[in-house]
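You will see two complexes here that share chain A, one where it goes with chain B and one where it goes with chain C.
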Partner chain A sequence: MKFRALALAAAVSAVGLTSATVSTAAFAQAKEQFFPVLVYRTGAYAANGNPWANGYVDYLKLVNARGGVNGVKLSFEECEFGYATDRGVECYERLKGKGATVFQPLSTGVTFALTDKAPVDKIPLVTAGYGRSESQDGSVFNWNFPLLGTYWVGADVAIQHIAKQAGGLDKLKGKKIALVYHDSPFGKEPIPLLQERAKLHGFELMLLPVAHPGVEQKATWLQIRQARPDNVLLWGWGVMNSTALKEAQATGFAREKMLGIWWAGAEPDVKDVGAGAKGYAALTLQHSAEPNSKVVKDMLEMVHAKGQGTGPKDEVGSVLYMRGLISSMVAVEGVRKAQERYGKGKVMTGEQVRWGLENMNLDQKTLDGMGFAGVMRPVQTSCLDHMGSSWVRIQTWDGTKWVPGTDWYQADEKLLRGMVLNASRKYAEEKKITPRTPEQCKQ
Partner chain B sequence: MLYRENGQFKTTYAADQQIFTIAQDKWFVLGIVAFAFLAVPMLADEYMFRAILIPFLILSLAALGVNLLVGYCGQITLGAGAFMAVGAYAAYNFLIRIDGMPLIGALLLGGLTSAGMGILFGIPSLRVRGLYLAVATLAAQFFCDWAFLRIKWFTNDSSSGSVSVSDLSVFGWVIDSPAEKYLFCLGFIVVFAVIAKNMTRATIGRQWMAIRDMDVAAEVIGIRPMYAKLSAFAVSSFFVGVAGALWGFVHLGSWEPAAFSVDRSFQLLFMVIIGGLGSILGSFVGAAFIVILPIFLNQFLPALGGLLGLHISTAAVSHAELIIFGSLIVFFLIVEPHGLARLWAIAKEKLRLWPFPH
Partner chain C sequence: MGFFIETLIGGLMAGMLYSLVALGFVLIFKSSGVFNFAQGAMVLFAALAMARFSEWANAALGGNSLFLANLIAFVGAGATMWLVAWVVERFVLRKLVNQEGATLLMVTLGITYVLEGVGQTIFGSEIYNIDVGMPKEPVMMFENLFEGGILINKEDFIAALIAALLVGLLTLFFQKTPVGRALRAVADDHQAALSIGIPLNRIWVIVWLVAGVVALVAGIIWGSKLGVQFSLATVALRALPVVILGGLTSVPGAIVGGLIIGVGEKLSEVYIGPMVGGGIEIWFAYVLALVVLLFRPQGLFGEKIINRV
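And then the complex of A and B:
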């Protein structure tokens, strides 16, 4: 009987406390630019989610240590969603109420779910290197910013790279290229572009889906062994990548013939396989592991040395850490640009940040000044191009570390533009959106 | 003292067969419904609607459907997520492929399609029962996951496999604000809850319960097991399918098969077990427990840490959330194996005697 009373009391007090916390959550913050941080530090993708989140948060701390954005300090709050779309939406709603002005969903599924909500809430969505590829067209997708490249850019460069190795695009004819992908919107994104390229150059595309989370790939690699493709593109995430590499090793598929997307090109993906993954290459949208760059040195000196670091010290400068850091940097630069127009030293609203992101112009000098020399190339966005840059490098795993290649690639503008416009016009028609005209863009 | 039916005389059969025979119960429930329809839209903010109330209502509807099958008819199912997916994708296809299809029509047709699938996957229940049936219904889950990932037609050839619905409207009423979405869902839940309650009091519900309690005996007294079991599968899948369609259309707006994974099936089954098998109220309590408690813990723990001057990392909060949530499930199952709804029933019995229990 006592137990029952206790249980009842617990249930009642829980309900009471929920309403209490929920109602206090609505207070807005003053004089600080608030950055919501969606993270997955637990679950199947935690090994990759952690460095990303640490990099993201550390950069915000670094900006604060450097004096904020024209004096405006940055505040942030993390929300754990474990890569589940419904929890991600819950996080969005929660952090939105706290004055979020720029949002990075960190999951293609959540990006899809939020794309319809962003225009209503007037919060720009930054999907640096992921998200939906057609959202590059800013005249339709006013609030989406797939900065620094999309999966279509990645897929396009992957084919260019394979062609270069083979000795030219015409050499692709008759080849067989397999795409081993995570069976989710993320993994399916590159397919339309690869199909287009396959038609153009006459190579055969094999599609091999792998179910979440990707630890069961025996059947997939058996198919590869039978069909003997010339190259394998790996569109994986988390534990799926190391499993794929181990399977490749087991089936004897040459790792030199494998090329991963940037989500499949970080330390946690290959570390377990170690020397077995030697020769495996991955795309990087601009940066690679950059332990010697100035921004990393600043980070160690101004944040980590003061005991403010979010994660372990030796992770600073690793691939995914840099990814988080750069994602954070472009969002902060959007705010800085917005301040140039709407008043320096003021807290920007979502609409103002949107303008900032759309008119961002980070030239090499600015980037070098911030410590990104050798890490990044210029980014310039416009109303029609919300992506800003399509620079890609190829990095190779040498058995102990990632070595960035020296060649810089760019996606084929003509091919990409046509596909983006087609897809975005189709979306506009479905959702009854009138694309902005060039005049409207100037406002 | 307050809660006592003394003096409430029933002079007709109709009065005796009311859903709530005690006046206090009736007014209490009507009061809650009125509160939900009139006061909540004015009190709650956007976060409350979108992150808590709407998911809670929709999953309550799904749990109600599962409860009809598991709690009333005794057929364990692990395919509820699949039937939600069928409802959502079928409603989506009806909406985009048929010009001028009204929203409610699409939702109900989605439910009917799901009912058809329910009957199909319910056929094994005629031969196998208990845990074996649970495994058989799991097949529905895997089949649907596969179908909606692979068969392009279902997703209207969307390249990413994600589909989306927007511009919801019913008879010219455009449903776009969170409060409107909430009211739309609430309308569905109230109607369906009344239907469910009445079904369980009618012949069909009594047949289900007879099958649940002892199927051989039920057959002996003239209940056709095939009809009873398959009707339970159909009705349950219909409810779950409509809930799935609402989940996709109203809550997510854009979804992929992962939204209806096997985790969802387990979640729904846990809702009815924790809430109370064979209880309409239990479905709501169970849904509240499973939907709201994790979110509450996730926000409450950092706040608690803040009070004590501790900074708890996001990962630690997330782990603690799972640990506490799991232990609460175990705790409630030990303390009250008949579910949280039983606690409410006990409270009512106590209240009847109060303040003179002896």
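And then the complex of A and C:
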């Protein structure tokens, strides 16, 4: 009797665990370029993970609908990891054996865990808008590609924007800026740059960590109410963002003085707060919500109209959908670039895709031709710069929708370069990596 | 001083909400000896049902009456929780009468995953809104006494009142009604309760239903505050130190424990947090509970277990 009872209990637990870890298998055939897709469609961050994953997968379908990459069709398989680092690594291990040639972990924690594995497996990691900031230095981080922007870029632009509002960088002296951050590698990433800027301009930096998933912030906002900072930088993800905005409302902190990173500037972050978030601004990773762009129109016509859309139609063009779509696009363009060197119409290996990503040159004409006019600016990578672009805009929530600003910012190249080189050289020393020379880069 | 009072009040109001979730644990443990790890998942499931039923009812009514839509949704979500209670009793617990506590705990762990998965499959995994008209703007009080005044969050205040009312009703239910007495009898000894004619199966459905209704109220309150999404399931983790501290078998323990934990974690975060880098309130609540256990292993109000050899 006791054995039966234990068996029943174990079975019920097993059913639950299986349902939580099962991954969505899609198509993967020979002679196709295979794209593994790490997703979190369940769990605490599902509301943000879903649109990103839908955009990512939809773009692969759109490329196929347009004829593939020089005739090579794209295949993919999703693996659900629930934003848990251990499960993300598990997904990587499982999918790398299926012919993966580029990974996008969609988690700074997983990126940290995979950075040592990628060179061994010879699979590039694309981390568009997240990951290790120092991995911009491709001479040390051969396999990491933080394309379009790192958190140091985000932090730098945030300070520039606050300074612009205050009347100049010199006006920051004596001001107090609070960083409310997700207590994880993601949330901690901007701190070194902000500390550097605080030293340079004489403002006080107040650090306020929020434990995962971020649903309890009362004490944090009571501290903000007491300290009365001039500005609050919000470095959150998922429910932490909407909770922060609600607590700001509940403690009477002006939303106009809050500025979020690009992961705190999507519809799920503010939709639930509505008018309560009016005036809140967030950085963009170039794009905002882009429902009127050509690529979105193509997507609706060539994928969704044919019943092949991954998610709901009204989500197409939303902020995180576009983030997933653009992340997918840069990976595909890495493959296309690799084909230019290693043979058009052929399936590329991880090493070849790495070369493609490192020599990417998406000029405005090319981007416009692909349907990204008004959505993003050129991206050009090199051996020393695996980021390729550091353009940022500011968007503001008007109570019902995100309104993108017209000004474009760029991170301070001089400041950023120094910090990146310092950190990457330190990493190289720790890991006993010899940075590539300019000659080696050309090979 | 004003800031200290403000933090204290904030802690008390948060603590009242923790008590509400902790009550779900206590109710089921008290009447069936099962430590229901699925209470957090029940909060999520109930809140998802309420949010989506309200949305669908509102659309069906042409957006003309949010109150009526919420009422329909509340009844629908209540019925859903009754169905959950019946399924749990019929297909899971019925075969496990008088089994080891560890076995039953494992079962509730399984139920947690099933409820989370099924809930998101049926109702979706986006962020949904529960609009029950809770005020969002704060009020300032005692501005003459303290610089900057004392800030009171109206939404938290109303939520704490609702939680207090529900706690009062449940205490009466347990102490003064025949069903409540039957529940306590079952908790003491399943076999003995059966032998005097208490229908164990029905009692278990009732107790899981009551815990389901508690989860529904907690889900509405938390869902209104945070939006209905997966993280509501983690609210249960906030209530675990409460039941450790207050004792698993005591309704007053859940209340006092909730208040102590609520106040303790807010004060610790505000006054100790900055010295150690912040972000301590979640684990500090467990430290507080464990310190109490050092001196009172059964919790503040739990029953002392004495086994004679």
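To be clear about the criterion, the second predicted complex is superposed on the first by the 414 of 443 C-alpha atoms of A that agree within 3 Å, B and C clash if a C-alpha of one lies under 4 Å from a C-alpha of the other, contacts with A are read in each partner's own complex, and residues count from 1 in each chain.
Here, a contact is a pair of C-beta atoms (placed from the backbone, for glycine too) under 8 Å apart; a residue touches a chain by one contact, two chains touch by 3 or more.
Predicted model, so just to flag it, every value in this text is computed and none were measured.
Enquirer: In the superposed arrangement, does A:Lys431 touch chain B (first), chain C (second), both or neither?
Expert: first
Enquirer: Given the touch rule stated above, what does A:Ser184 touch, chain B (first), chain C (second), both, or neither?
Expert: first
Enquirer: So, does A:Val89 touch the first partner chain B, the second partner chain C, both, or neither?
Expert: It touches chain B, and chain C stays clear.
Enquirer: Which partner does A:Lys246 reach: the first (chain B), the second (chain C), both, or neither?
Expert: second
Enquirer: With both complexes overlaid on chain A, does A:Gly97 touch chain B (first), chain C (second), both or neither?
Expert: A:Gly97 sits against chain B, while chain C stays out of touch.
Enquirer: After superposition on the shared chain, which partner residues are touched by A:Val39: those of chain B (first), chain C (second), both, or neither?
Expert: first
Enquirer: With the two complexes superposed on chain A, say which partner A:Pro192 touches: chain B (first), chain C (second), both, or neither.
Expert: A:Pro192 sits against chain B, while chain C stays out of touch.
Enquirer: For A:Gly374, select first, second, both or neither according to whether it touches chain B, chain C, the two together, or no partner.
Expert: neither
Enquirer: A:Gly68 contacts which: chain B (first), chain C (second), both, neither?
Expert: A:Gly68 sits against neither chain B nor chain C.
Enquirer: Across the two complexes, what residues of chain A are contacted by chain B and by chain C?
Expert: Correct list for chain A: 4, 8, 10-11, 14, 17, 41-42, 46, 50, 183, 209.
Enquirer: Which residues, counting only chain A, touch chain C once they are in their complex?
Expert: Listed in rising order, the residues are 2, 4-6, 8-17, 19-20, 41-47, 50, 183, 207-211, 213-216, 218-220, 222-223, 225-226, 238-239, 242-243, 246, 249-252, 268, 271-272, 276.
Enquirer: Per the contact definition, I'd like the list of chain A residues that touch chain B in the complex.
Expert: The contact residues of chain A facing chain B are 3-4, 7-8, 10-11, 14, 17-18, 21-22, 25-26, 39, 41-42, 46, 50, 53, 78-80, 82, 85-86, 89-90, 93-94, 96-97, 108-109, 112-113, 115-117, 120, 132, 183-185, 188-189, 191-192, 209, 212, 423, 431-432.
Enquirer: Going by the contact rule set out above, which residues of chain B touch chain A in the complex?
Expert: Checking each residue of chain B against chain A gives 45-48, 50-52, 55, 149, 159-162, 164, 166-167, 176, 251-256, 258-259, 292-293, 295-296, 298-300, 303, 313-315, 317-319, 322, 328, 331-332, 335-336, 340, 343, 346-347.
Enquirer: In their complex, what parts of chain C are in touch with chain A?
Expert: Spelled out, the residues of chain C in touch with chain A are 3, 6-7, 10, 14, 92, 95-96, 99-100, 103-104, 106-107, 109-114, 116-117, 120, 125-127, 129, 136-138, 148, 151, 153, 155-156, 225-227, 229-232, 234-235, 238, 265-266, 269-270, 273-274, 277-279, 281-282.
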